[in-house]
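The structure appears below as structure tokens.
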Amino acid sequence: MLIVMKQDATEAQVRAVVEVIEAMGYEARPMPGRQRTTVGLVGNDGRVDDSRLDGLGGVAEVIHVSKPYKQVSREWKAEPTRVPLPDGSMVGGREVIVMAGPCSVESEEQILTAARQVKAAGATVLRAGAFKPRSSPYAFQGLGKLGLELLAHAREETGLLIVTEAMDPAGLELVVAHADIVQIGARNMQNYSLLKECGRIRKPILLKRGLSATIPELLLSAEYILAEGNPNVILCERGIRSFDATTRNLFDLAAIAVVHGLSHLPIVADPSHGTGHRDMVPPMARAAIAAGADGLLIEVHPNPERALSDGAQSLFPEQFERTMREVAAIAEVIGRGVVTPAGIAS
Amino acid sequence: MLIVMKQDATEAQVRAVVEVIEAMGYEARPMPGRQRTTVGLVGNDGRVDDSRLDGLGGVAEVIHVSKPYKQVSREWKAEPTRVPLPDGSMVGGREVIVMAGPCSVESEEQILTAARQVKAAGATVLRAGAFKPRSSPYAFQGLGKLGLELLAHAREETGLLIVTEAMDPAGLELVVAHADIVQIGARNMQNYSLLKECGRIRKPILLKRGLSATIPELLLSAEYILAEGNPNVILCERGIRSFDATTRNLFDLAAIAVVHGLSHLPIVADPSHGTGHRDMVPPMARAAIAAGADGLLIEVHPNPERALSDGAQSLFPEQFERTMREVAAIAEVIGRGVVTPAGIAS
Amino acid sequence: MLIVMKQDATEAQVRAVVEVIEAMGYEARPMPGRQRTTVGLVGNDGRVDDSRLDGLGGVAEVIHVSKPYKQVSREWKAEPTRVPLPDGSMVGGREVIVMAGPCSVESEEQILTAARQVKAAGATVLRAGAFKPRSSPYAFQGLGKLGLELLAHAREETGLLIVTEAMDPAGLELVVAHADIVQIGARNMQNYSLLKECGRIRKPILLKRGLSATIPELLLSAEYILAEGNPNVILCERGIRSFDATTRNLFDLAAIAVVHGLSHLPIVADPSHGTGHRDMVPPMARAAIAAGADGLLIEVHPNPERALSDGAQSLFPEQFERTMREVAAIAEVIGRGVVTPAGIAS
Amino acid sequence: MLIVMKQDATEAQVRAVVEVIEAMGYEARPMPGRQRTTVGLVGNDGRVDDSRLDGLGGVAEVIHVSKPYKQVSREWKAEPTRVPLPDGSMVGGREVIVMAGPCSVESEEQILTAARQVKAAGATVLRAGAFKPRSSPYAFQGLGKLGLELLAHAREETGLLIVTEAMDPAGLELVVAHADIVQIGARNMQNYSLLKECGRIRKPILLKRGLSATIPELLLSAEYILAEGNPNVILCERGIRSFDATTRNLFDLAAIAVVHGLSHLPIVADPSHGTGHRDMVPPMARAAIAAGADGLLIEVHPNPERALSDGAQSLFPEQFERTMREVAAIAEVIGRGVVTPAGIAS
């Protein structure tokens, strides 16, 4: 950490900074420059609270040199994390994984049809919401526990794994009981109470990036889970807020390369929420794989025009099939493949 | 709601839109224009899910004419809501309210000193965190239940009311037991499970705007609380995300005028989080009152240079006093005043 | 255009809106709804100034149904525009084009070496700045006219076409005299005087998206050029402003799919400015092609560590070669190819 | 400037950084820390191009300690700049200045009426556009030279000073000949060719902040003008881009405090463009003065409902009068006043 003093800072103010640093138990190293003095804080273990220094007299700026996260960083662990799944596959290895399905579980017939369709096209994980966070209290909020049971039933029928969202501690318990991967949605990325609960279980956590979260903030939220003891975190880019309302969100594919540079955790991409428009999902799914994503999360509905939620961004089953073929070909170009369905069932 | 068809949409596609609207139980009214047809949906009660329509063939765009929120809107209730407080004052009336205090409760001495100082300067509500949401799992997370007890003690000693944050259902119960106003922080603005819990109590809720929440989204989150039965919601502008890192957040004072136009709920402003820099708090506190805010939330610390969190944005007690005088004078210019301390205690 | 009245708008206010519409020469069609009246404006030819209506009494909102741009839209011209280049190739056809080279022309040796390297790897257009817009007046501003002459010399030596930026009318004349494609930079995307000048020449214009331009604004800027008579416009996504400083800009690849949906103009992508980091250029170049970009603009420098500008985002020649191979393979996956060097020279 | 090395950077990589710094003529000072080495660059005169260093092997980040701008900074000149105007008043002194008038000059009658109205209410500068930058090529673009002549006529009639926008070098010459203050609009804030021209004249320049310009970028653009020799620059906050479309722009009032901290230049605020809605202009005008703005730029139209541009954000003359009274009272609260009309004419 580096404390930059104002040009007209007095000797006494520099001394005060040094004293606060030493009082916190670190070493202070003042460096007079041509225009101003900077004071280095040596020995930062990631627990220094910069607001102790930021407000001192004569301080112009506090600059972070160390990263605020630890266990999620590549400097802590160089080799990529591979999150193991119950069917023997993993997320973060050579092969990319595809999770697909409708926005919400709507009925037994709908979810079973969807499951069979996405499996036929090559997905190995079924995604669908039982608990739905909706900005309006009057919108469809999901089938809840019944939805989870229908998902478990779809797993039995097809052998697909299940990923679904938990929104609060009570829901988390239910999701853990029924699903294979627990999704934490964008709106809860900084719900620290929920993140800590996720750290106390062992099931893989799919952590979606918040609507206006920076990459360091996404990594810090993952750090909450690792710090509590669960190393099985899969990050997910799903679009962020921007000034341009042409698309629902701004799909930040560069985040994939950034995360791979800073962290050992795998990262998948969700082009459905990332764009909000069905026609943009296939090109953005291809682009995500070309950019190095470890997998995809795609909304597919047997009949998007009758979907109870997110119909506009759900693929028709035949669009999904075509997309899967292109995705596999692109994965091959960069020396990867696609996780293939395990022969568990159906 | 208005469904705009593409220029080359077929008659059959227009008919399909009409049929879906009628199947949902509303009236459809097609309007052929020079370049394209638009179909009006009449009778929208705020429960129409536009994704049913957005994805239909030939649809270019779905435009919302009605607002998605109801009970929080001025059209639902024209006169301003006045949220009553236990000391007989209220938020949203002619007089503006000032809530002040340290970022966190740190110790009995600290919180009592702070309470006496902000009371002496004219505040009537003491703010301080017992549960602190921090982006890093390694930062100081608050004193928890002990912090709440110290706050209750400060109330007994000074007669100030207490506002403090709840982060999850368990914490909410504790906060309700100890505080007068429950704060829901920016990161939890779309934690719908928590919002619903807030709707089931009667204590006033101070709902902070999320870091990238639009005004309609803030109002929809308030709607969650009203829809569950609690009408006592105070909104709070506290700065949003922007591309300019010069300030911690971008303090959106125009939000005050926007909210007053769209909703009957009161809105206060938090210039401390809104700017992140002590020197910018006094001008922005004045500006917020000049813009019509119903109150202020200000961080003041007996000794900011030793604060465990947010020291850089906490006012020195004497800065706060001066700010209170200016704020009172500006309130008067626009025909308002400042809520004065009730003679309950001290 | 649709004028939405407030819920409590009076009959007289609705009549006033109708009269203003008729006074502007259009047809007004009032539509009373359950909660509010809306008035349709029929016959909009794209020249209606909504501010005449927006401020009338009782008006809640003015909603645009028609697009504000005309000649650039797909509805005006359905088939894609193919911009012809002097070597017989074109931008916007089946094959993607690659424009590569250093940020700035620095010396004869540097530009000739760079030209030969990017040609050897398969690029057909040489990019390099002679006039450099720099945020600081003290930074290197380019070699100016000498830079243009060195570029022309590199064309003679290699047969590569030349694309370079013009910043003002005087510079435009020089660039037109020396280059094959005129680049208008992001900072000048709304320099309407310059855009009009571009509309009066015939050479292809590479129009870069502004740092905070929406897609409709980018298209409107292109409309300025087409409206003056030059149909040869190539759009370019090069990253936009966001709240996350982890990358230099936020590379918006979904813009490619959006533009292809709204306009017949070709669009290329610049992953060098789009990310600002050398290591992120290859994955983002691949992703851009997978997303459907009609070409790439890539910074390559013979010796990036000695570059006078943008060294951090310039590829080493061998990185560029590898990227070209991957790009070609991905183009093939989606049924496209890469424009191959014409046998003009060298 | 501080070069932060990666944790695993080699000794050779550190040496390479030191050598590049020394080759550029500065002193290098390596500082080994617990986790990583940082290298200080001492003697930075503001001309160091960080891209030479950013891309070197083993470099994690380059951090700027010195500001990139010089002459505009408070560290260069501590006392506030007061820009003198021809009527003897100045911008940046104790008194705040009010510039008001219609968006565009539309006719002799309109501009004379507007001028008399704003003068009667207490403004001393008349604002109105003769050259109008419009996103659509089909929108009203201003009366051009005739507009300037009408403005000059209004000055003769009323004694008001004139501020109006120049969009290109040719227009600048005309504006300089007719107006007292030259406005450079938001879209041209980084039109460096135009800024340099502004630096070669002596008339005051009103430089508006770009739609997505950071404060340091605004100051760097001002630096272009000062570096060419014109010290008379007035900055203007007029709203920036954000994700929330509820208002036309996001009016960043904290920018006023930030600029006053970093620079000696005066800064005024434009609540009309800052919000885009007539009803929000009075509260935001009051807030701007409370925040410390050195003046206001306000759109007022004799008949906003018939305005050719920006009618929705133009005040009615009586609204402007009331706003002037409130603004004067608030200026007094913070120890300032309002510039009063000089007795030059009419």
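Order of writing sets the labels: A, B, C and D. Residues in every chain begin at 1.
The rule we apply is simple: a contact is a pair of C-beta atoms (placed from the backbone, for glycine too) under 8 Å apart; a residue touches a chain by one contact, two chains touch by 3 or more.
Keep in mind the model is a prediction, meaning the values are calculated, not measured.
J.: Please name the chain that ends up farthest from subunit D once chain centres are defined by their CA atoms averaged.
T.: A
J.: Using the touch rule from the top, work out which pair, B-C or A-B, shares more C-beta pairs.
T.: Per the contact counts, A-B leads.
J.: Can you give the whole-Å distance between the Cα centres of subunit A and subunit B?
T.: 27
J.: Go ahead and note the Å separation of the Cα centroids belonging to subunit B and subunit C.
T.: Distance between chain centres: 39 Å.
J.: Which residues of subunit A are in contact with two or more other chains?
T.: 212, 240-243, 245
J.: For a test of understanding, state which residues of subunit A touch subunit C in their complex under the given definition.
T.: That would be residues 212, 214-216, 240-247, 250-254, 256-258, 261, 274-275, 279-280, 283-284, 286-292, 326, 329-330, 333-334 of subunit A.
J.: Which residues of subunit D touch subunit C in the complex?
T.: It comes out as residues 20, 46-47, 49, 51-52, 54-56, 68-70, 133-140, 167-171, 187-188, 190-194, 211-212, 217, 220-221, 223-224, 227-228, 241, 278, 304-314.
J.: Could you pull out which subunit D residues touch subunit A in their complex?
T.: Those in contact with subunit A are residues 2, 4, 7-8, 29, 31, 33-36, 38, 40, 42-44, 61, 63, 65-66, 75, 212, 241-243, 245.
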